[in-house]
Every structure is written in structure tokens, then in C-alpha cells.
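In the two complexes below, chain A is the common chain; its partner is chain B in one and chain C in the other.
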Partner chain A sequence: MKIERQIRNDHLARIEGKAGVIVEIGEEINARINVTEGPRFFEVITKGKRYDDAAAICSRICSFCSIPHKITPIEAIENALGIEVSEQTKLLRQMLYFGNIIESHALHLYLFAMPDYLGYPDAFSMAKEYPDLIKNGMELKNLGAAIQSILGGREIHPENAIVGGFGKLPEQKEMEKIVEMARNALNIAVSTVDFFAEYDYPSYVDLPRNHLAIKPYNGYGVFGNEIVASDNFSFDVSSYAEYIEEEVVSYSFAKRGKYKGKPFMVGALSRIVINKKLIDGRAKEIIDGYKKFLRAENSFANNFSQAIELVYFIEKIIEMAEGIKIRKEERIEAKEKSGKGYAVTEAPRGLLIYEIEIENDIIKYMNVITPTAMFLPMMEIDAKNMAKGLWENGYKDIDLIGKKVEMVIRAYDPCISCSVHMIKL
Partner chain B sequence: MKWLIVFLGSGIAGDDTAGYEIYMKIKNEIKERIAFLGTDLFRLYGIYEGEEKMIIVDAIYGAEDIIHLKNDEIFSIEDRSTGAHFLAAMEALKILKLVMKKFPQEIHLIGIPAKSFEEITYNEETIKKAIKEIKKIIG
Partner chain C sequence: MKLKIGIHALTSCYGCQLKIASIKDLLKVAENFDVEYWYMMSSSGKIKHVDIAFVEGSVSSKQDEEELKKIRENADILVAVGSCAIYGGVQGMLIGEEYKEIFKEVYGENKMDYEGKIGEPLKNYVKVDYNLPGCPPEEEEIVYYLACFALGSYPEEKDYPVCAECRRNGFPCILIEKNQPCLGPLTIAGCDARCPGYNVACIGCRGPLPYNIAWFDSLAKAFKEKGMKKEEIKARMEIFGKQYEKMEEMIEKVFENED
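Up next, the complex of A and B:
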């Protein structure tokens, strides 16, 4: 194909990790997301390690998704070794996880996405004109960080989520602090939804697509073992390999997911598309009032969906922190020393799958499939359609097209660092 | 006048471990309040307790020796975030200054020379020198 114009951005700004995009405009228009961050070999690093050491190592896959990358392998290990943890442990893990999602969504929406909507090149430029907006983002982010620090035991890579239980238990007065902070943050979360409901979505990226999310054990949660697709098909996580294939392309270090051979989407929008009926409280009222913004066919609705989730998860944090009565518990010992386990959770960016095989307490095999790897092909299609739509409708400004392409990529909230860990040795 | 000393960096990524290394070594040697914030200086927003003076310790790419910058020298650094994993500390600091009700009046930056994310190239002498510099600043 003869290329008339090319848009090349080797380092996409305001996403997590290193990736670039190339758009080629000629008789056809193509887009490629180049993941240039080097593979990180976590599946190999953990091989030969004791299972609890491996879980601690996995959380280092990402500093921003360290909770999902701690709790998901722990669940896979527990499933492999026949460990059933207490209701209290499940609740504390859920709170920890919700705190992670709150921090991640706040960071993405306020510091990465909002500058696009308001026409600023970065958060600092935006902060000069809209300090109160950035302050709102900081309050929400701070709530998520505080939940993780209080429950996780430290600021970064919290360690209290452990195989068979929960490490140092929080004190009751710390729960009261969480409730107070969450109450203060709730209205800010609602205002976040209002902000994103001010903007229409570019129709160039309208495209019917499959969404995948878990069927939560209870409520609109992040834990489950069944994956539900928007084509009304569902499957147990243990058979993920039958339905979610991963392919490799020459220009990317990340694997790329296909569901039944086709690109698909995961993340906040997918969760709401699949599990909307499970949302209650203020978040439900907001959804009912803003139905037109939940457009399953448009990836920009992911920003709006993250804002809805901020409201929902903050409300749930208040409920859980108010309801829990902390009591001392013993760690549950493993019944088995060997086994194979699977786990799937809903990380901020979507489905996160771990498959782990253990032999005599030692990790024999591990496979991790991250949300970003899953939605990369769909993101590439949307990037292409954005460029194509603009070009074919008379927009010939390459800079403008480049910026809009970046904007659609940012709507997915990709975490490139999580996605690059492919290896077969 | 109260001090807050914050350390930035990763626990595992080559020279970016310098902040963590110094944090672990200094935490039992000084009485001032200290905090390791990982790669996220925005966490200062939640942990700041009104200290008048602050030291930020971080690995600095391109530096040849320990760097000590103060106040306006720090804010004149042009540094932009390229993503959440590369949140530029100086950009975060400038944003925080704009949005935080209270902010330290005196800020120092101790920069540790960094060359690689893959391996540690700094040596024990560099760490000792940085610790000595921090102690000299807090007096």
C-alpha cells in the first residue's frame, strides 16, 4: 500500500508504561500500537520459588495494580492447594481491591484523561487553570491509597494479603477513618460522573464489540470464577484457554487477546455492560439518569464507566468498613502440597487471569493474562477507526488526528507494564 | 521547624532502587519523619502533616554525582510525566504545590546518579555520601 501520510508517536503520553502508535494513511488506513516496553519474565522469575514468595513477586508486576497482582495469584494458589479462607479475609481483600480501583480510576480520570477533555497537554497545565479539579482527583486518589496503606500494611506493594488469610489486621478505629474519608470523597466521585457526562463521544469509534467480565460471587464485585461475555456465553476460568487465545505480532512485546478469534473489550465499561443489574445505591440512580452515556459500542464510555465505579466502590467501602467487626483469626493451612489452580478477578482495567501449577509447594508453571493484553487488538481497531473517521470527514491536520487517536487509546486506560511478560523457555 | 523526608523509587528496578536503599539505611539513624512513597510523589498529598521543611530523595537520570537542589532550583526543572510508571517527580511536585492547602516552605532535592533500570550501577560510597548530605541538611 502506498502511504500518503504517517502519524508516528513513539511514546504515548499519559498511559501506564511505554507504547507508541503508528497510523498509516493511504488507500487504506491502518493503525498499530507498538508496545516497546521490554518483556519482564515474571512467569519465569516465579518458577522454582515457594508459592508464597511467588505471590509477593507477582505484585511487583505493577506498582499501580499491585493489589490485583497479589490477590489474584493468591486465589489461584489457594484454589490449587485446597485452601478456603474466612469471610473476614474475603471482605478485607475485597476492600483492599476496591481501594486499588479507586486510586487507579482517580489517577486515570483526573491526571490522564481530563487534560484531553479540557484541551491541555498535561495535568500540570490543567492544574494552573483548574486546581480544584486536580484537588478533587487527589482526594479520590488519596482515599484509595489510604485504604491500601491501612489494610495492606504499607504504602507500596502492600503485604497483608497472604495465602490462607490476612496478615496484620486493621484496628477498628482505622475502619472509622476509612469511613470518614470515604464519606468525604463520595460527592467528589459523583461530580466526576457529572464531568464526563458533559461530553459526547466521537461516533467514529462506534463499533459493536464483545465485552467480557466476571460473574461476581456477590453484588457488583471483583471476585468470581466464571467469565461472562456479551454474546451470552459464559465459561469457567479453568477453561479460559479454550476461548481466550493470545497471539504475538512482530511489532509488539505484549501478547494480544482474542475471544473466540475476535477482538474484545474488558474493563469498567465491560463490567457495567455485563453486570449493570448488580449495581445498587447512588451509582444505580446515576446510571438511570445518564443511560445514554453507557454506550457498549464506544470505548469513550469507559471513562464514564470508571467514574460510575468510583461512586459504587466508595459506597461499598463505607458499607463494608461500617459493618466489619475485626476479630483475630488463624491462617488457614494448605491441605495439599501440589495442585493446579486458576483465578480471575476484575483489575481496574478488566479481567486478570492467573493459572498456577504447584509441585511440593514450589511453582512449576505460571501463566498470567492481563487486561491490557486482552484489549490491545480492540484498542488498535478503535485507534484506526478514529483516524479513518477524521480523515474521511475532511480533517487533514495530522497533529489533530494524532491527538484524537491518543485520546481513544487513553480511554482504555492501558497498563503496558502489566502486559509485557510473555516468555516461553 | 519540622522535617519530612520522602524517598522515591522502586524496590527492584536497577538504579531506581537508590531511594529505597537510602530509606532502609537511614530510617533507624534519624529522628525526623520519613516516608517511602514508591514511584508516586502524589502520595505526599495524603501523608503530609504540615512540616515546614522537606527533603525529596530520588534517583536522577543524567546526573554524574549526588545533586543537591533547593527551592526555586527544583521548580525550574523541566520535567514531564510520560505515564503513571514514569510520573515525573518534579511535575507532581509542581501540581501538588498548586493544589495543597499547606506546603513546605523549604524543599531540598537529593538526586542520586542513575544510569540503568535493569541493574544497579551506584555503589555503597554514593549511598553513604547521600546519607551524609541528608544529615548535613537537617543539621
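Up next, the complex of A and C:
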């Protein structure tokens, strides 16, 4: 193919991890997402480790989602070793997890995505004109960080969350602190939805697609063991390998996922598409009022969906922190020393699957499938369609096309660190 | 004149940068510097001369290597930030022939446009002026390093173990009183012994003590006396210490008359 123009960005800014994009414009228009972050082989380095050490290693897959990468392997280990944790542990884990989503969404929306919408290269320059926006974003982020510090021990790599429960339980008065912070953050979350409702989505990236999300155990939650697709099919996490395949391409250290052989989407938009009926409270009122923004066929709706989730998860944090009475309990010990287990959760960016096999307390096999690896092919198609739509409609400014392509990629909130370790041996 | 700084990542979890981005009053702190370059936060800027470059992550690909050399050429001072940059990180556990075999198994032979490399610390490729340890570093340490540079002074790396902070806090000793394989005795302090305070044994995430004072042999002997096997001890100590010179040798020494 003769290439007339090429748009190349070797290092995409304002995403987590290292990736580039190349758009080639000729008789056809193509886009490639190059994942250049080095491979990290977590499935290999955890082999031969004690299971609790392995869970601590896994959290190092990613800092933005270190809670999902600790809790999900822990749940897979517990599933393998027949550990049934207490109701209190389940509740505290859910709070910890929601706290992570709040922080991750706040960082993405305010520091990574908003500068695009307002025409700034970064949050620093945006802060000069819009100091309140940054203050708001930080307040949301701080709520998430505080929840993770109180329950996980710190906001990145939460060593207090362990197999069977927690190292140390929080104090009751710390729950009051969470409630107070969350009450202040709730209105900010609502204003975040309003911000993103100001913008129309580019229709160039309209494309019907399959969405995959968890069927939550309770409410619009993040834990479950069944995966539901928007083609009305569902399957148990233990049979994930039958429906989600992985492939290698030469330009990406991240493997890439297909559902029944086709690209698909996971993440906040997918969760709302699949589980909208489970949302209640203020978030439900907002959804009812803003129906036209929840467009399942347009990835830009993912930012809007993240904003709605901020409202929902903060409301739930208030409910949970108000309702809980912390009682002293010991962590649950394993009954078995060997076994095979699965777990799936909804990380900020979508489905996260862990399969773990343990023999005499030692990890024998592990496979991790991360959301970014799952949606990479879909993201690439949207990037291509954005460039194609602009070019074919007379926009020949390469810089502008480059910026808009980056915006599509950022709408997915990709987490490249997460994606570069998926190996499936 | 404000100091010019650049913030970079090679292969990592991006946690050190996230920690920097999370420091209280970041915008106020940033006012004291000209941030020339920070991909994670900004789409403006390209690598150019700076007074200080902060680099997190290990060198895990040919691209990482080239980027690091370019960063070094353009920086007066280079700071290795976090366990990946200082010791290779958890990915630094996979070394030697095993790395090559696994790479081939996962990506095939000569099928990739990019070359993967064993995760190694920055110092194996370029001169490193300072280490800022942590996984991730603590806020107070980041601010301390920044303040030292801003004042024209020199930050000092801690030379005492997590145990010192643990004793000062009066936490029960996880190693002696609870018989768990705590790595506090050979890990750089600075976290205020967070994990022992949560009843969790230290996993050594801040990396082994600098200045050749990480006594893997003494601690391996203590673990052995508690009934741990050599392989179990190695498996735990190598998580953040695999590329520490003499780690392996020191553990072997403890078991040498028994094989």
C-alpha cells in the first residue's frame, strides 16, 4: 500500500504505561497501537513462590489498579484452598476496591482526560485557568486514597489485604472519617458528570460492539463468578479460556484478547450497558436524565460512564462505612494446601481474570488476563475509524487527527503496565 | 533560576510517578521547578537538557535502554526512583537462560519488532547519581529529595533497616515473636515499618540495604533455625533482592556443609 501520510506518536502521554500509535493514510487508512513497555512475565516470576508472597508480587503489575491485582489473586487463592472469608472481610474488601475505582477514575478523568476536552497539554496548565476543577479532582482522588490507606495500609500496593482477611482491622472512628470525606466528595462527583455531559461524542467511532461485564453477587458490585456479554451469552469464569482467546502481534508486547473471535469492550461503559438495572440512588436518577449519553456503540461514553460510577461508588461507600460495626476477628486459615482456583473482578478498566494452581502452598501455575489486553483490538479499530472519519470528511490537518486519535485511546483509559505480562504458557 | 526537572518511566507499574503525582500540594511543590518533561502527566515536552532527571522502572527492552541513554545524556543529575530502577524490581527475578527461553515461548523467535531484555537496574547501563528507594517511595522522601535539590544540597540514602523504625514504634517483632519470615532486618528503612505495624511480615519491597550491609547470611541462618528450607528462603529473599550482588552466595554459605 502506498502511504501518503503517516501520523506517528511513539509515546502516548497521559495514559498509564508506555505505548505509541501509528496511523497510516493511503488507499486505506490503518492504525496500530504499539505496546513498547517491556514484558514482565508475572506468571513466571510467581511460580515457585508461596501463595501469599505471590499475591504481593501481583499487586506490582500495576499501581493504578494495585488493589484489583491484590484482591483478585487473593480470591483465586481462597477459591483454590477452600477458604471462606467472613462477611466483614467481604464488606471491607468491597470498600477497599470501590476506593480504588474512585481514585483511578478521578485521576483519569481530571488529570488525563479533561486537558483534552479543554485544550491543554496537561493538568498543570489547565489548573491556571481552572483551579477549581483540579481541586475537585484532587478531592475525589484523596477520598479514594484515604480509603485505600485506611483499609489497605497505603494507597499503592496494599500489604494489609491478605489471604483470609486483613493484617490489621481498621478502627471504627476511621469509618467516620471516610463518611465525612465521601459526603463532601459526592457533590463533586455529580459535577463531574455534568462536565462530561457538555460534550458530544464524535460519531466517527460509532460501531456496534460486544460488551463484557461481571454478573455481580450483590448490587452493582465488582465481585462475581459469572461473565455476561451483550450478545446475551454468559459463562462461568472457570471456562473463560473457551470464549476469550489471546493473540500475539509483532508490534505489541501485550497479547490481545478476542471474545468468540471478535474484538470487544470492557470497562465502565460495558458495566453500565450490562448492569444498568442494578444501579440505584442518585446515580440512577442521573442515568435516567442523561440516557442519550450512554451510547453502547461509542467508546467516548466510557468517560461519561466513569463519572456516573464515581457517584454510585461514593454513595455506596457512605452506606457501607455508616453501616459497618468493626468487630475483632482473626484471619481465616487455609483448610487445604493444594487446589485450583479462579476469580474475576471488575477492575477500574474492566474484567480482570486470575487462574491459580497451588501445590503444597506453592504456586504451580498462574494465568492473568487484564482488561487492557482484552480491549486493545477494539481500541485499535476505534483509533482507525477516528482517523478515517476525519480524513474522509475533509480534515487534512495531521496534528488535529493525531490529537483526536489520542483522545479515543484515552477514552478507554488504557493501562499498559497491566497489559504486558499476559503470557499463558 | 528554577531547577529544570524531567520525570520518566521505563518498564514498571508507574507507581513511583503516581506517588509523585499524589504528593500533597503537588501544584505548589511544582511551582519551585520547571517540569520539562513528564509523559504520564503531559503531552507537551520532549527530552531536552534538565538539571535533574527522575527515572522509575527497569531496563526491560531495547527501547528502554535507548531512552535511558538519551535521558542520561541530557541530565546533569540522574535519580533512580524505586525498586525497579535501583534493583530491577520483581521482574528482575527472571534472569539468564530462563529469560531467553520464556521470551521465545511467549513471543516466538524473531517475530517481534521490539527486543525484550532482562529487567535490570539503571546502574547496569548508565551512571546513577542518587537512589530514591521505595515501592513506591514515601511522600516524605520524595519531598526531601526535591527540597535538597532545590536548596542546592545533597540527599542521603538511609543506611539503617526497617527494624530500626519497627523498634522505635514498639511493634511486636514479627520474626522473633510470631515466627514469620520478616525481611525487615535487611530492607532499607523509610516506610516507618508499615507492614509489621499491620501484623504483616516485611516482604522487602524497598530493596536490600545499600553500602553492602544487607546481611542475607545472618537472616538466612535465623530463618533456617526456624525450620525453613534453603529454597523457601531463596524464594522469599529474591522477590526484591535477586540482583543484589552476593545474595545467592550468602544464602548458600549458610547451607554449605549440608549439601
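Annotations for the structure displayed:
We take it that the second predicted complex is superposed on the first by the 420 of 425 C-alpha atoms of A that agree within 3 Å, B and C clash if a C-alpha of one lies under 4 Å from a C-alpha of the other, contacts with A are read in each partner's own complex, and residues count from 1 in each chain.
Methods note: a residue touches a chain if its C-beta (ideal position, glycine included) is under 8 Å from a C-beta of that chain, and two chains touch if they have at least 3 such contacts.
In this text the structure is predicted, and so the values were computed from the model without any measurement.
Superimposing the complexes on chain A yields a three-chain arrangement in which chain B and chain C clash. Shared-chain residue A:L310: touches no atom of chain B or chain C.
Contacts of A:I102 after superposition on the shared chain: neither chain B nor chain C is touched. By the touch criterion stated above, A:H11 is placed in contact with chain B and with chain C alike. In the superposition on chain A, contact of A:I29 is made with neither chain B nor chain C.
Of the two partners chain B and chain C, more residues of chain A are touched by C.
In the superposition on chain A, A:A146 makes contact with chain B only, not with chain C. In the superposed model, A:A127 makes contact with both chain B and chain C. Judged by the document's definition of touching, chain A residues 11-18, 60, 62-64, 107, 111, 122-124, 127, 134, 141, 145, 155-157, 417 lie at the interface with chain B and also at the interface with chain C.
Those residues of chain A that touch chain B in the complex are listed here as 11-18, 60, 62-64, 107-108, 111-112, 122-124, 127-128, 131-132, 134-135, 138, 141-142, 145-146, 155-157, 415-417.
Partner chain A is touched in their complex by these residues of chain B: 10-12, 35-40, 42-43, 45-47, 80-85, 91, 94-96, 98-99.
Residue ranges on chain C touching chain A, taken from their complex, read 9-16, 18-19, 21-22, 27, 30, 35, 38-45, 58-61, 63-64, 89-91, 93-94, 98, 102-103, 105-108, 111-114, 116-117, 119, 135-136, 194-195, 197-200, 203, 205, 231-232, 235-236, 239.
Across the complex, chain A meets chain C through its residues 11-18, 34, 36-42, 44-45, 48-50, 53, 56-57, 60-64, 66, 107, 111, 115, 121-125, 127, 134, 141, 145, 153-157, 159-160, 162, 166-168, 248, 250-251, 253, 406, 417, 420, 423, 425.
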